[in-house]
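A short worksheet on the structure shown next.
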């Protein structure tokens, strides 16, 4: 299964890319995905430690680390917004 | 001496004119002018009885009936405003 | 900038008059002629605006100066139309310009609230039967002004 | 009416989109690029606006619906620019249209306050040395939003 990650603002700048396509053999939880990402690139540790970062799964905010991710899901990592 | 009276909104409509030029032989108070006007046209009684009407002498509101009027003064009779 | 005029105005043009890159925030209030205004539920076809121009200008200047000083505005523009206006036409425009939005927004509301009860304009409804009807001041407008008492004194 | 666009917009044209003679009162908030924005006192030559467009549109729709229902607005227009913007350029426009001015003014402030903390836009300062600097969210904006808590729940 595939999950698209989208990065914005300082997260995008830090990772030097705006998105990633993650391929997985089976369904995983948001928590498992986070550990998976940290193991590949320790920069993710810094991102996930920042309490001001929000996570949106298919345009809806995730507030539960145990939320299951499914094929085709789009997960966005959002720093505090500064529009207007 | 001359005093110009200016009428606005319903006062103008009721009096069927927008202004008057009053000629007087001597300086008078605002109170005396009011009595003078009522004696000429009883419609002024109704205007002066209306507590919502304001009086501006040369663009400054009059709050004292004993204020003296001088030659060349402009006295305006203003119903509550309704602009905006 | 204060204007009392018979003529219509363009919002983009008026904005350009107060625009500067030291401002970040602009608040506008625009009042227009509503079709269902008559208190007696009669249909109206427009309004007529009467004005004591010398007095209105001096009153608007005072309101503008207060707004500029209390809210540290960079600019404040006030335009008020007079004469005969059709349904939907613009009557009044207030634009406040500031570095910060809270100041611009609050000052703009203060200016229009003050104008409604303190400036020498009078409205008439033009009825469909060709009669003119004096518009009465709303108690609500006086009540609303009380909210500024602590700010401006 | 909600637009996220690279293009500049004209205030008179946007007003005509929401204008109707059943409205008597319009409140506008316009945000522009200020020259002295940088927290580090560096000079800036413009800003860059990043956006998660699908999310921002859905967030703006929710804010607009709330404003329309709570303040009984007749219309509410929101335009937000994205991409590179020069000093003084328009960033965001909110127009609320109502029969009564208090509703239009309060709703307009609610929309811009909500947009500042709840919609997926991110600003960068473009510095004179050609570097980009992330703009940080202001605590003030979060604090200001608390004032709406009782109104919207």
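So that you can tell them apart, the chains are marked A, B, C and D in the order they are listed, and the count of residues begins at 1 in each.
We adopt the following convention: contacts are C-beta pairs under 8 Å (C-beta built on N, C-alpha and C of every residue); 3 or more make two chains touch, one makes a residue touch a chain.
Since the model is a prediction, treat every value here as computed from it, not as a measurement.
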Any chain in contact with chain B as well as chain C: none
Smallest count of steps, each to a touching chain, taking chain A to chain C: 2
Chain whose Cα centroid lies at the greatest distance from that of chain C: A
Centre distance in Å when chain B and chain D are each reduced to the mean of their C-alpha atoms: 50
Cα-centroid distance, chain A relative to chain B, in whole angstrom: 75
Distance between chain centroids, defined by C-alpha means - chain C, chain D (Å): 23
Geometric centre distance via CA averages, chain D-chain A, whole Å: 27
Two or more partner chains touched - positions in chain C: 31, 112
Complete list of chain pairs which touch one another: A-D, B-C, C-D
Interface residues, chain D side, partner chain A - complex: 31, 49-52, 54-56, 58, 80, 91-92, 112, 115-123, 132, 134-137
Chain C-touching residues of chain B, taken from the complex the two chains share: 6, 8-10, 12-13, 52, 56, 59, 76, 78-84
Contact footprint of chain C on chain D as seen in their complex: 10-13, 15, 19-37, 87-88, 99, 101-102, 104-105, 108-109, 112, 144
